[in-house]
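This is the structure I have questions about; it appears just below.
Chains here go by letter, A, B, C, D, E, F and G, matching the order in which they are written, and residues are numbered from 1 within each.
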């Protein structure tokens, strides 16, 4: 099959979202079923694309409109994008199933549309090879995220959404200023082309432009202190959406930071920016973990934990080494799985027991044993215990950190990890060793998903080799800019 | 006091930030020709897309994916607004009816405004118009109806469906391009069928631009009207 | 330079003059009602002048007739909408409680509204 | 599959199966098998090891190379794990009730094997973590606070170790011990070296229970299945001890070169030794003050580890060999003690002295085991404990380190103090009436105790057995052993057999006197006499209650200095700080958040221009 | 005769004057009237610009502007009197 | 410290951005903050357009005698079209969030809209 | 008030729209004409019910003639109005005497009322403030007669002659 058909990754969610108004009269079940079906289809396409990329070893360059870059916009579905598009699709598929049980607030047809478009946005962000197109997809992601954050229509939801909008709005404005500067200096928007020209950009323009671009993305990537919107949004959003936020929306932002950072590594002021990012990332980890420590709401607690992990990924990506990038990508994958599991199960507890306050978790081990077990697995994995997937990526990140000369930062991150260990310890203890209420029947489908994710955590934890091979390739994709430029069929324009 | 401090801090901050931005901007002097890809567009736009308006060619052809995204963004906004303001039962918030001057005036204006909206998106490849301003103009017609008549409501269901169909239409055009020309959003009408090649500068040219702009115009018109509709209603509690 | 352009330019000149006049009225009149009085009229006439003027001038300079027809469409549009807008604004001003200028001599509208309110109250009691 | 990997993973496999099947009977069988298989393999590999000197294996996994190696040194430590682990799991047949305990107990055993057999730092770290997790889960089930304390300190230790490992890795690009030692020796800077040493000290100190990082141990050792505690204290703490040997192996030379020696001990070793001495004293004193037998042995265990640290710190071949010997005997007698405690609790349900007494009569076998353990711990010949303590004492004295010598000596004295109380209060004297129908140890516990008691005696009588193995580690005659019974240090000798003979003679005489002497008269519990004062419960200084209260009062000032409390305060401070910080940073006001953005822009502006 | 730029300047002055009222107020309707007048004048300005650059395409822009501005003014007016 | 030499258009664009930012930093009323955001967006759009401008050249519509060499850069204009629509969409979303907030909190003061914190 | 047939109304709307299209494009290019026709027809379909009640009846020659005659009349009035404005604005003393008066109209159709109201607004010193049935409330910058009859005579009558015929 022609590689151009990878554009279905964009086309399918779009056309399906547009189709929803035509079936909304069929009722909630039909809409939700439709959502499951489309996400399954998307998973199939993403699977095909990933297989294509990994078996040929070459990226798929989707050329929109048949206009060769840099004249037209291209999608670059390399090892990274192929992997993450698949993750996005799979997680979305699971969350579509979860939505059946978790989303009862009307209007579900709107929910389904926004859901699909959130998925689309993240997919596009990861796939695109054009910096302004990245902005467009970022806004698709962000605006659907704004809407979904407020979807429950409570005061808190609206408040969270508003904070997200204000911060996201400021961020995207400055991002665009950065794009404007870089465009003004180069006359092109294509990423590969920009990478070619990066070294020749006027130093001041490069510094300011790149800093602004990274600043804008850092808001989406939840770097401290630009992440103040995140805990609120995570807490207020419908549970499946929280999963998507943590599993891939923030990852898309992180990816964008990583991608642009390395594309512009020829530009002036680059290493200074890296250093600043390392500092911010370290602070992100510390502040987030400390903030999670005494939370009374499990969902918010895990939200902070997620931010902490994100900080760690950002740290890895900002190290400027191949080892760091690969480790960061590995952590992205692992964190997507683990946090998907945690938010799924915690959200499910919220649905089943009417809230995610920590008290609701008392005696969960007896009340909802499967859920409690999977939460436990997720918690242990997050803490970074051996035989769970995160362990491998975490040590790789920290090793890479020390290797890159950031021992102090690694020490601080380790210190924060102690804190993380403590609050997860409390959660686990509350679930298993505190008395709670009576037994509750657990939902079959959600149980299957949870078990699948938990099994994945352990399988990767026990046998990380294959995944490591894959993420190494994905990391290469991100780090090796020369290869990136080579792979994009740039046509000559102008002189 | 706090407020004064805050204001002063804010002013100092924005001055520093502004100074920094200005430093960056000094590196891309105003009025200087900074085009690289832009030159290519200007040189080739007519023969490659059939559009006289290079901006349109960029919007619909060269950077069509952006525009598809842009359409999507607006769709998200309309959906999001509808989702947030959704209530079991809602009706118009208006308390005071419009005067006969306004109502009659609106009746006269609406057809004209609609026609002009259509004019704008149909001529998008020739003039500065396009789907978005055209759609916005059409939405203005509906806005006027809302202003004049306190009980007026757009036909929601039909509008939603039209909105969805238009969006699907856009993607379908892209997919037809994929099927015919091998690329998503490929302008097969111009590049494969070469319709209107001897018509450049006249209406029947520009490949699929008029089609896409018509779709966008309809979509934007219905979407913005939908947003207006949602904003002008409130919950009725029983 | 021909007759059409000359007429056109004259019209533009007149129109520009009325624009300025309109703005002056906006500044000089004592309250919103009187500002509206003066500004709307001259702005509309100014537009008529400038628009048809530009149309004629362009045609006179050898540009296409479309200049004239389009200008006329815009001019007609403004001719229709400006008074409507002015009317809507003055009504809004009145209904939002902006008092008439202290030098005003009569307010029939107030009497009318009060009478109407009384009538509807009476109707409610029946 | 490679035998080393079987040794390491057999327990975990057994544990996972036991947990998954969770059928009574099969569960126990699987669990014990999981602990027995490695032991069997260790025994089997003995001759191979003797022939080749080192058995190695390495695998590529997760993008890293993991090496495993069985050397004479690791064989000894693995054997400790094998024997004590087996005894402990057999005892668990009696005391454990669910699959959960089997899983995590055996997981920790796998961890311990992994730690001992790993020949690279990463594998070492991973198994270390695995071991910690397993043991932590065992504690968590019994007590939240003990679990949390253990957990936090372990995590701190593990992270310290990780940071050190990362530092080394950044330098050497490899985790393998030989590469590491090389890289450290040739390339590590002074500051990094000191840092790595400090980090290792913390990491291994926590696990070994070194003062002042010991605070987790008393709670954790007592708040879990006591059969498991045998393994916990007997095996797991030895991984910490083993870690100190690793310090010598990996960075010792460089440390010596860089920081030199104080007196005859290397300076860095003196730190270890001094902390070890403090550990002896603090552990011993606190052991004496306990009213709960579990706690008593927990502190006692800490105190005994102190000996090992002192020995390692002195840093001569002799002292290290002595330390390893003590590691062996400590595992044996402390494991035995905890099994005895397990038996007592299993049969009586009591844990404090106040509730016990006169059990010797009801539990003769257990008492006999206790007798062996007491002698061994107290360092009375001809038990293993005597030999190792004697070696340590000789090693310290021979290096002219009087302060350390004094500490070691004090430790022995205080050991007597608490052992006397245990001996009398539990086994002799008045028996509370509710203990009247107490039965002796159940079979599994009895077998388990026997497994540990026998080598206690054998290694005391025939120290040559041990010394022969230990000499192989150093590749020379560190301690000469003319016969199996004899040890010769050049400046001191020991003959286990001779002492045994004398002991038997002595016992015979004592027996004669006992049977010829006055008959024993039974008195009621209330028939006590104390300086004419009525006995109140508050100041009841019978041997079962507050026996060492005067000591406690004398030490009141020092007891107020509690590292436990210090850590708690730090924890509380961190929590309060976290709370204040998050309420301040995430204050809910979107405008503040906008200011954060502006702040970052400002920083970028300052940074860039 | 005089030339387009002079008219442009004249109209620009008118725009600025109406802007004064917009900022000055004092009431909301005052500002709105100013905005209304300003948009009308700006429409004229755009048309004149079209002539200045000799580009008819700007006439379309002017008409769109006039339509949107009218819609906006009406919306504000209706808002003021509670007609939304 | 040398004063950067930038054109009045850039200056205006930056000024708009900063005024918007100032509103977001200082104004307590949520709507005013959102207006600030809109002003920022406008500034950014103006900046984009200004960057594409080439002195003495005309709109890139190649009719009425304007050839490829007489036109300004069409790309920024296309980008701005997109950016404007995105701005509108954001504003619409923000306004509906504000409607919800006002419904639940009965205030638009950002200092009182902070149920989610810590 | 008679309502014309749907066809008549529809055709009228389409014709007017097509005329506007012609003005907008000012082109006789068959492509433009074709699309213009299509668009007029489509838009008319949506809007004819709003746009007219009388349909083709609006094109009665008498009405058209009056309408054409009204243009200069109205323009004249408007220019007068502006001179009046100029006088009041530029006069240093700002000679005004404002107030709201009531007028009555004989016009019945909405279109007629709108035309009247707009005419009033654009001519000397008056702005339509509100309409209620046949009552016009007018802000008059220089009130000369505050009675209904007097005001009507002054303000509405002059236009009604024409508008009555054009719009009915």
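The rule is short, and it goes like this: a contact is a pair of C-beta atoms (placed from the backbone, for glycine too) under 8 Å apart; a residue touches a chain by one contact, two chains touch by 3 or more.
A quick note: this is a predicted structure, and the numbers were derived from the prediction, not measured.
Touching chain B and chain G together: C.
For chain G, the chain with the farthest CA centroid is D. Of all chain pairs, the one linked by the largest number of contacting C-beta pairs is A-B. Inter-chain spacing, taken between the CA centroids of chain B and chain D, is 73 Å. Chain A and chain G have Cα centroids separated by 60 Å. In terms of their C-alpha centroids, the spacing between chain A and chain E amounts to 47 Å. Distance between chain B and chain E, defined via averaged C-alpha coordinates, is recorded as 23 Å. In chain A, the residues that touch at least two other chains are 132, 136, 139, 143, 146-147, 150, 153, 158, 162-163, 166, 170, 177, 181, 183-184, 187, 189, 204, 207-208, 212, 231, 291.
Shown for chain F are the residues that touch two or more other chains, namely 17, 21, 24-25, 33, 47, 51, 59, 61, 63, 73, 75, 79, 82, 86, 89-90, 93, 96-97, 100, 113-116, 118. Among the residues of chain C, those touching two or more other chains are numbered 24, 36, 40, 44, 64, 66-67, 70, 73, 77, 80-84, 86-88, 90-91, 95. Under the contact rule defined at the top, the touching pairs of chains are A-B, A-D, A-F, B-C, B-D, B-E, B-F, B-G, C-E, C-G, D-F, E-F.
In the complex of the two chains, the chain B residues touching chain D come out as 10, 13-14, 16-17, 19-20, 23.
Chain B makes touch with chain F in their complex at residues 6-7, 10-11, 13-15, 17-19, 21-23, 25-26, 28-35, 37-39, 41-43, 45-46, 52-55, 57-59, 63, 66-67, 69-70, 73-74, 76-78, 80-81, 84-85, 126-128, 130, 132, 201, 227, 230-231. Touching chain A in their complex are the following residues of chain F: 17, 20-21, 24, 30, 33-34, 37, 40-41, 43-44, 47-48, 51, 73, 75-76, 79, 82-83, 86, 89-90, 93-94, 96-98, 100-101, 103-105, 113-116, 118.
Across the interface of their complex, chain B is touched by residues 13, 16-17, 20-21, 24-25, 29, 31-32, 35, 39-40, 42-44, 46-48, 50-51, 110-111, 113-114, 117-118, 128, 130-131 of chain G. Put simply, chain G touches chain C in their complex at residues 20, 22-27, 78-79, 81-82, 85-86, 88-90, 94, 96-102, 114, 117-118, 121-123, 125-130, 132, 135, 137, 139, 141, 143, 146, 148.
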